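Scrolling down, you'll hit the structures one after another.
Across the two complexes that follow, chain A remains constant while its partner is chain B and subsequently chain C.
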Partner chain A sequence: MTARRWLQVIALLMPGLGIILWLIGSVVYIAVAQSFGAYGLTGESSFTMSYWADTVSRAIYWRSIQYSLYVGVLSAIFSVALAYPLAIWLRKPFPGSMAIGAVLKAPLLVHGLVAAFLFINLIAYNGFLNQLMQWLGVWDAPRRLQNDNHAIGVLILQTWKNMPFALLLLTGAVQSIPEDILDAARDMGAGPWDRFRKVIAPLTVSGMQAALVIIFIGAVADFTFQTIAGPTNRQSMSQLMVGYKVRGEWQYAGVVGVTLMLMALVGSAVLAFVSRMVMRGRLT
Partner chain B sequence: MAAVSIQGLYKTFGGFAALSELSLDVKSGEFLTLIGPSGCGKTTLLKLISGFLEPTAGTIIINGQDVTKVPPEARDTALCFQSYALFPHLTVRENLEFGLRQKKTPANDRRARIADVAAKLGLEPQMDKLPNQLSGGQQQRVSLGRALVMRPSVILFDEPLSNLDAKLRDQVRVEIRRIQKDYGLTAIYVTHDQAEALAMSDRIVVLNGGRVEQVDTPESLYLSPRTGFVADFIGSANVLSGRVLGQSTPGLWDIETPIGTLETCSDPGPKGSTVALCWRAETAQLGKGDLRGIVRDKAFQGHFTDLMVETDGSIYRIQTGRTAAVEGGEVRFSIPPESVILLESKT
Partner chain C sequence: MTHSRINSILMGLLVALSIIWLLIPFTMAALWSLVDPSQPWTADKLLPPAMSFYRWTNMWENSSLKSALTTSYTLAPAAAVLSLLLALPTSFALGRMSFPGRELAKMLCLLPLVVPPFITAIFFSSLLFGLGITSWRLGSIVLAHAVLFLPYGIRILTVSFEQVRQDHIDAARDLGASHWARFQVAYLPALRPGIFATLLITFIQSIEEFAIAFIVGSPDVVTIPTLLYAALGQDFVRPNAAVLSLILVVPNVGLMLILERLLKSANPTLASGKG
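== the complex of A and B ==
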């Protein structure tokens, strides 16, 4: 391509890609710069490693990383694991399949905050679930289910909210597999599990990777569900970052923000790589 | 014992009967072709035999075992798909290996079988390629090889050549027949191409509207069709009605038809005073005889010329060699008595 042609291509890309790159780039730049002492909004600005050194020496930082990874990875895996059988079930249209598909995707329309409040109401000490369990005679007295230590409430909410998105991606991927291919596998002696393992999974691995990565990035940076339904003895990375920001410690918030971006980047790559290795596991 | 025995098979989709009271025996090592127009039920029958569909009524027995309710993965059949249905993420070798691994065939046996099939089908240079790196003919061979390595009791073909060009089709057709004979396989082959059916089959089943019209060898089917449908579907035949005038000489019947009086030496002779009969387009002898018609269309086909000749308001087809006949001109023709075939029914 000639230089003139290159210029033409760049000029055409600028209105769309240029703005995106500029917005993302400037945010990343400021976060990174702040984590090294620049752009101190409430104090002096100078290059220093002290904010990083200080933050990584705190136990709360590492606990937050651990906790956010726990929520991010498990939410992504649970969402995809639930979406796969549904996508396979809905692959071929049947009476009512459109309605079922629409209902399953309904959580996409409910805001996370609203979902979290509904969930809290459901599992509250005097909420519906406790009353039901007592009425059924399963429990003698109400139990404390809210803000559980293992973040099961957060995982349920994340999965409930994200599964429809995984379903959306996986349904399209599964539907793109020609019927003859699955029939051929069946004809060659492959039962349902082998058809999934050896044909469906490897042929839909790109859709699954996309679902895993996007859900992971969202869940690892969770703030809403964690604030309302998460354990009170742990903080997610977002919570930690907001905490620093509220106290006016922008540089520390920058350190956590950069860590979060790195976690999203590295975590996504690892998830994508591992899922491809597992799903492309050929014939063994 | 028949390799495949189908008894009283019915298959309905909603209110539509795709197959009705179909019974059929396929001998071991036989190459049987199912032929018929679109929607006649040939693919439905193949799917019933392979287990992808369950019959509404009737039984399917393979090697003496009732498999009517057995799922495809547990049947001793292998299907070659029209679309080839190769696994796009697996190499040729892995495609060939798929079924053997499912059956937990020992590695040594697996390697030996794959090597044998790959050699027979000329697939050795392609073994590490993915299906999208192969030509249509090569993909077809892999599909065939994938079925062959399984050494099934019955191999099923669902219009396997329909996606190939004419020249390749002829080549692969010969290969399939050779391999079927080499392995002594029982084969059931679906096609709508009558030339393919005639060239490949030990016997042909002509299906029409979900029923069997006729089951016979290619020669018998061509030379002695029972109905007008079979006569017209297998090769091009001119079908017409006639009135029996009597026997002019012993064994030779005179029949009055809309195009003139025809003689037939058909055995058995006519069963009533009115009959349905046919003659093949290539049996007409142009330039002699008492039959006359106007050439309405002339099409040069290479090794023969197609003439559409109008007589008594109907169009009849005549195939001849080089001819001086011109569109709009009159031609004389005759049909030898041995080429006039009496039918059981006109349709």
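== the complex of A and C ==
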């Protein structure tokens, strides 16, 4: 390629890719710089490790890491585990399968905040679920279900919102398996579980990894579900970071932000690796 | 048991599931938005004792709903047009020119989608501080939305540019068409669905975006999602939150169904829910 052509390509990439790199690059740079005390917004700015040292000595930091990982990993696993059987069931079209697919994927169109409202409306103290359980005679009195301590509400919301996404990716992956391969496995006496374990799972592993990783990154950085439906005695990483920012403690927000980015990065890599091991380990 | 028998049982299960999955939540929200304040909806009643559109008219007249709608529906088209303009040159390069590192460039275009939204929001506002333009809130949000949702536009338009047929361009040139005329007859027909899809997807994403609007916009700029967030938290009034939820969800579902159509016509392999 000539220099002239290169200049042309670069000039064309500038407004799109260039501005993306500028914005995301600045965001990451500022987060890292502020966590080390640089890029001060109010007067002094110097390089120091003290914000990191200070933060890692706080219990709330570790609790938030633990909590966000808990929500991130479980949301990803639940969504994928629910989506797999559905994707396999919907693999071959049958009367009504389109309608079922549409119903299952509908949450993709529902805004997260709306989903959160629909959910807390259902589980409210005198909401639908409490009334139903009392009417059925399972519970004697209404129970307080919102903001439960184990974040079950958050996990249900995350799964409701993300399962359709996993379903979308897995349906594509499962449908691309040729029928002959499954027939061959069936002829050789493989039952449904063996067919899943030895044929479907290894052939759809990359679709599943993509679903796991994308859902994990979203859920580990969750703010809205956590602040609306999550436990009040725990904070997610995003919530902790926003808290610091609101108090003007940018450096601490930087420490939490950098940690969150590392968690997303390392967590995705680990999830992708482990899922590959689990899905492929039995083949060889 | 036969296959069709299993399927009909599963179908029954699924109808039940979809009732739990969608019908009950949305019915409850719709009913709550219709509760008339004269008589509260207590736990012992199956339906609200008095129903009216009072909450809707009241929210319309006495809350920041009107200004939030104006803001959201001004932000979104602005972000959509800006994003389209920014995406076009890069998509042209990625779709019609071959150069070393093109695949890497395509990957890097996805960056805004992997950085957690609140990290982008907080340190973008830090950047605005640093540049000394914190008072320029609305413009900053438009810029941030346009850039954050660029990956969608770039991806859709790159495929559209790939689909422009070289023989059409050559034929137009041979017939003596000027630059502009060539664009009109050879490029535009292939690009049109992609352009509409880009505008629409950025529009929808911008209407729905919460983190940037919340962090950069507060307290002056109120969008529908930030208003709903406030209604779910600090000033929780259930019927009002129900009204806002429906206002946010109903138009967007319609828009997204149109988008799905457009994506299918722009490129069959891209058709997928939110894109």
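In this section, the second predicted complex is superposed on the first by the 261 of 284 C-alpha atoms of A that agree within 3 Å, B and C clash if a C-alpha of one lies under 4 Å from a C-alpha of the other, contacts with A are read in each partner's own complex, and residues count from 1 in each chain.
Keep this in mind: a contact is a pair of C-beta atoms (placed from the backbone, for glycine too) under 8 Å apart; a residue touches a chain by one contact, two chains touch by 3 or more.
Just so you know, these numbers come straight off a predicted model, no measurement behind them.
Asks: Would chain B and chain C fit next to each other on chain A once aligned, or clash?
Replies: Superposition check on chain A shows chain B and chain C fit without a clash.
Asks: Should A:Tyr67 be classified as contacting the first partner (chain B), the second (chain C), both, or neither?
Replies: The answer is neither, since A:Tyr67 touches no partner chain.
Asks: Given the touch rule stated above, what does A:Arg5 touch, chain B (first), chain C (second), both, or neither?
Replies: In the superposed model, A:Arg5 contacts chain C only, not chain B.
Asks: Tell me which partner A:Leu108 touches in the superposition: chain B (first), chain C (second), both or neither.
Replies: In the superposition, A:Leu108 contacts chain C only.
Asks: Return, as a multiple of 10 degrees, the angle whose vertex is the Cα centre of chain A and whose sides reach the Cα centres of chain B and chain C.
Replies: Once the structures are overlaid on A, chain A sees chain B and chain C at 90 degrees.
Asks: Return the chain, chain B or chain C, that is in touch with more residues of chain A.
Replies: C
Asks: Name the contact category of A:Lys198: first (chain B only), second (chain C only), both, or neither.
Replies: The first partner, chain B, only.
Asks: Given the touch rule stated above, what does A:Tyr51 touch, chain B (first), chain C (second), both, or neither?
Replies: A:Tyr51 sits against neither chain B nor chain C.
Asks: So in the superposed three-chain picture, is A:Phe128 touching just chain B, just chain C, both, or none of them (first/second/both/neither)?
Replies: second
Asks: Considering only the touch criterion stated at the top, classify A:Gly189 as touching first (chain B), second (chain C), both, or neither.
Replies: So A:Gly189 only meets chain B here.
Asks: After the superposition on A, what does A:Ile181 contact: first (chain B), second (chain C), both or neither?
Replies: Touch partner of A:Ile181: chain B, not chain C.
Asks: In the superposition described above, what is the shortest C-alpha distance between chain B and chain C in Å? Please give a whole number.
Replies: It is 10 Å, taken between the nearest C-alpha atoms.
Asks: Same chain A residues contacting chain B and chain C, which ones?
Replies: On chain A, no residue contacts both chain B in one structure and chain C in the other.
Asks: Tell me, which parts of chain A touch chain B in their complex?
Replies: Chain A reaches chain B through residues 178, 180-181, 183-191, 194, 198-199, 202-203, 280, 282-283.
Asks: Under the definition above, what is the set of chain A residues touching chain C in their complex?
Replies: 1, 5-6, 8-9, 11-17, 19-21, 23-24, 26-28, 30-31, 34, 39, 41, 89, 94, 96, 100, 103-114, 116-122, 124, 126-128, 130-131, 142, 160, 164-165, 168, 217, 220-221, 223-224, 227-228, 238, 241-242, 245, 250, 253-254, 257, 260-261, 264
Asks: Can you list the chain B residues touching chain A in their complex?
Replies: These residues of chain B touch chain A: 50, 52, 71-74, 77-79, 81-83, 85-90, 94, 97-99, 101-103, 146, 150.
Asks: Would you mind writing out the residues of chain C in touch with chain A in their complex?
Replies: Those residues of chain C that touch chain A are 7, 10-11, 14, 17-18, 21-22, 24-26, 28-29, 32, 42-43, 85-93, 97, 99-100, 105, 108-109, 111-112, 114-120, 122-127, 129-130, 144, 147-148, 150-151, 154, 208, 210-211, 215, 225, 228-229, 232-233, 238, 241-242, 245, 248-249, 252-253, 256-257, 272-274.
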